[in-house]
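Going in written order, the chains are labelled A, B and C, and every chain counts its residues from 1.
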Amino acid sequence: MSSILIIEQILNGLQFGVMLFLMAAGLTLIFGVMGLINLAHGSLYMVGAFAAAAVAGATGSFLLALVAALAAAALAGAIVEMAVIRRLYKAPHLDQVLATFALILIFSEGTRWVFGSFPLFLDIPDALSGPVTLPGGIEYPLYRLTLIGIGLAVAVGLWALIERTRLGIQIRAGENDREMIAALGVDISKLYTLVFALGAALAGLAGALVGAIQSVQVGMGEPVLILAFVVIVIGGIGSVRGAFIGALLVGLTDTLGGVFLPELFKLFMDTGAAQKSGAALASMGIYVLMGMVLIWRPTGLFGARA
Amino acid sequence: MSDPVLATLNLNKSFGALKATDDVSIDLKPGEIHAIIGPNGAGKSTLIKQICGGLKPDSGRVTLCGQDVSDQSTQVRAQAGLGRTFQISELCMEDTVLENAVLGAMGAENLSWRFWRPALKRPELRDRAEVALERVGLSDERDTRCANLSHGQRRQLEVAVALTLSPRAFVMDEPMAGLGAGGSKRLTGFLDGLREEAPILLVEHDMDAVFTLADRISVLVYGKVIATGTADEIRTSPEVRDAYLGDEA
Amino acid sequence: MRLDEKYLNGLLIAGLLALPLWALVMDQPFTITLVTRAVILALAAVGLNIILGIGGMVSFGHAVFFGIGGYAMGILAYHAQTYTALDLGFFTTDGTKSMPVIWLMAMVTSGIVAFFIGLLSLRTSGVYFIMITLAFGQMFFYFAISWAQYGGEDGLSIYVRNDFPGLNTLMPIQFYAICFTLLCAVLFLFARLQASPFGLALNAARQTATRVETVGLNPMRLKLLAFVLSGAVTGLAGALFADLNRFVSPTMFSWQLSGELIVLIIIGGVGRLMGPVIGACVFVALEHFLGDLTEFWHVYLGVILLCIVLFGRGGLIGLLTGKEGAHV
C-alpha cells in the first residue's frame, strides 16, 4: 500500500472528523450550558442541507446557499428552542430524549411534505471542484480540502468565542453556575436561545457542506447525529475541546478502519472473507473505540460531570 | 473499659489545600452516645461519609467491632452493622412509609434476591418493619407515600429505617435538624433509651439535645478534634471556648 | 372520570381477547395480524419496562435484544429450511423450526449479551448511559448489515412460520393465541417481580441508590440482573416478531426501534404494569389509521408524543386513573 493512499485516507478522515466536529460542538455546548440532550440536532443538519439545496437551485450561488443554510438552521433552532426546548431544561433526561425524538419525527415528515421523498442535489461550486496537487505530488479534491479548512477555522473561531468574548464568559459561567449569571443580570433565556441557535447554525452549516458531496435527503441527519453523540461521549459531554479531539478520533477511525482493516485481514484470510470481516469490524470500530474510552474513563476524555 | 464498637484511627482527608479531616481518632463505646459538635464547615459531614463508606480517606483506618472496614463499600459496612441516618432525608419518596421500612428489613435479612412472594407479605420483613415504625410512632402512617410526609415525619422514618437494620452502632447526622421544639424533645427521649441497644455517634447542632444526651462530646474545628470529654468538661474547656463557643458568644 | 387501575387492566386484557375473536368471526385476518403486532411490541416494551419503569435505566439500545431474538429465530429457521449445518463451535446443529427451542435460544442469547452490555453500561449513568446503550445498538445494527452469511442488509426470509406442538401456527388466530398467552404470562411475572423484594429494592435503587447501599444492598447487582431479565424478555418478543413477519433484517436493531419501545412505555405510563400494552395498542392503531389517512402520520405521532411529554406525565394510564407514573 502506497504512502500516497495513506495520506489521502488520513485527509479523508480529517475531513469527516471536522464535519462531525461542527455537529458535535453544538450538541456539547447545548448540553454543557443548558443540560439538554438534543436528539433533534440531526434535523437541524438536514434543515441546513435542504435550505442550501433549495437556494442553490434557485440562485445558482453556493455562497448564498451556505448563508441560507446558516440562517435557516439558526432560525429553526431559535423557534424550536422558544416553543419546546426551553420547557425541557429542568426535565429528566427521559423527557428530553422523548420530546426531541418527537421533534425528529415532526421535522423529518415535515420536510418530506415540503420537498418530497426524492433526494435533492447540491453541486460543488466550480471554483472548488477538481483536484489540487499537494506537496509530494498527491492529488486531492479541492472541495474536501476546503471542508477541512472551514472546519478548522470554525474550531478556532469557537475557541476564540468561548475564551475571548463576553458571550463566551457567559457561556462558561452558565456551565458552572446558572443562578450566578442570572444574578449578574444576564438575560438567561436569551442566552439559552442564542446558544441553541449557534449550535443549530453549526449543524446547518455542516449539513450544507456535506450535502454537496452526498445527496440531500430526509433522514440524512440521524446517522450523523449518532456519530456526533459518540464523539461527545468520547470527548466528555460539555467539553468543546473534547468534541474536537473526539471528532477527529472518530473520523479517522471510521475512515482508516474501512480502508485498512480489510487489507489487514487479507494477510491471513482469502480476499472475499477479508473484505467482509474487515468491513464489519470497521463499521463497528468507532463503537468499540467508544466502549474502550468509557471503560477507561466513564465520563469521557475531558468530561467532568456524569 | 470495654472495646469500642466503632473507631476511627488517624483519619485524614484533604480537598486540594483544604484539610477537611485532620488526623481524627474517635471511638464509640458500648452503651454510650458520643456527640460530635463543631461549627459549620468543621468537617462533620466529611467525617461521617468516611466512616460510612461514601468517601475514601487519604489515610487512616475505620474499625467496626474490631474489624477493619476501611476498604469496604458502604453496603458491606451496613451489613456489618452500621446504621446511618442522613442529614437531608434520603428516602424513597414515591414509596410508602412501610415500603421504606421494609427496604431496611430486606437489608437486615439480606433478602433482596427473592422474586416471587411480595415483599410486603413476607412476615419476616413486615414484622421487622412494623416494629421499627411502631417504635418511632409512625405506625398510623404506614400507607402514606413518603412524599406526603411532613418534614418531622421523614426524620422519624430515617430513624425507623436505621432501626430495622438492628445495627451494632448508629451514626446519626443531625437527626434533630428542622424538628420543632416538641419533636426534638421527643426524639431526645427516644435516643436516650436507644443507646442501650446500640451506641450512637451523634452529629448534632441542637446543643440542648447534645448536652442532655451525650456521654462524651468531641469538638471538631477545621477538621481537627480539639477536645473530647464529658458535657461538663467540654463546657468548661478553655480551648473549646476559644475555638468554638467563643465564636458564638 | 377516574378508573381503578385494576379494572382498566382487566378491560384491556378483555379487549385483547375480544378483538381478535371478533375479527375471526368477521373473517378479517389482517386485523388479527395487527393485534398480534401490538401484542408482540407490548411484550418487547414490558421487557424494557423492567429496567426503565422499575429500575429507572433509560436504555436507548433495547432494539439490540429485539434484534438478537429476531436473528436467533432467523438463523435457526434458515438452517432448518436449507438443511445446512450451523456450527456453533462447541456443537453443530441443523437448526430448528420449533418455537419453544427458538424462544429459549433467543432468551438465553439476549440474556447473555445483556449481561455484558449491562456490565459495561452500568459503569456510567445519566446521559452517558443513554448514549452508550445507543452506541451498542448501532454496533449490532452495523454488524447485522455486514453479516453477509445471513443476508446482510437485505435480511433473511423464512418461508414457513415455525411450529408449535399441537397448534397450526399458520392460522393467524392460533399464532395470536401463542403471543397473547406469552404476553399474559410475562405480565404476570412482571407483576410478581415488581412486588417482590427484588422489585422493591430495584425500585428503590431508581429513586436513591444511596439509600439502598445504606441498608446494605448492592444497587449495581440489582440493576445488572434487571438488565439481563429485561433483555431476555425483549429477545423473546424479537423472536415472535420475526416469526410474525417471517422475516428478519437489520432494521430490528435500528435505533428508531429502540426509541419506539421507549415511546410505547411513555404513551401508556412508565412503571405501570399495563403501560406498555396500552402504549403498543395505541401506537399500532395510530400507525394503522393515521397511516391510512396520510403518509405523513409520523408528524401526528410526533405532536402527540410532545404533548404527552410536556403536559401529561403518567401517560394514558395516569390520565385515566389519576396516578402519576414513576419518575425516571
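The rule we apply is simple: a residue touches a chain if its C-beta (ideal position, glycine included) is under 8 Å from a C-beta of that chain, and two chains touch if they have at least 3 such contacts.
This structure is a prediction, so every number in the text was calculated from the model and none was measured.
**Student:** Skim through the chains and flag the pair connected by the most C-beta pairs in contact.
**Tutor:** A-C
**Student:** Could you pull out the chain whose C-alpha mean position is farthest off from that of subunit C?
**Tutor:** Looking at centroid distances, B is the chain farthest away.
**Student:** How many angstrom lie between the centres of subunit A and subunit C, each centre taken as the mean Cα position?
**Tutor:** Once rounded, the distance between the two centres reads 31 Å.
**Student:** Nearest whole angstrom, what separates the Cα centre of subunit B from the Cα centre of subunit C?
**Tutor:** 44
**Student:** As a quick test, compute the distance in whole Å between the mean CA positions of subunit A and subunit B.
**Tutor:** 50
**Student:** For subunit C, jot down the residues that touch at least 2 other chains.
**Tutor:** 327
**Student:** Under the touch definition given earlier, write down the residues of subunit A that touch subunit C in their complex.
**Tutor:** Touching subunit C: residues 31, 37, 84, 87-88, 91-95, 97-99, 101-106, 108-110, 112-113, 222, 226, 229-230, 232-233, 237, 276, 279-280, 283-284, 287-288, 290-291, 294-295, 298-300, 306 of subunit A.
**Student:** Along subunit C, where are the residues that touch subunit A in the complex?
**Tutor:** 52, 58, 60, 120, 123-128, 130-132, 134-136, 138-139, 142-143, 145-148, 255, 259, 262-263, 266, 270, 296-299, 301-303, 305-306, 308-310, 327-328
**Student:** Taking the touch rule as given, give the residues of subunit B at its contact with subunit C in the complex, in rising order.
**Tutor:** Interface residues on subunit B, with respect to subunit C: 52-54, 73-76, 78-79, 84, 86, 90-95, 99, 102-104, 106-108, 110-120, 122, 125, 161, 164-165.
**Student:** Would you tell me which residues of subunit C are touching subunit B in their complex?
**Tutor:** Residues 192-193, 195-201, 203-204, 207-208, 210-218, 222, 326-327 of subunit C touch subunit B in their complex.
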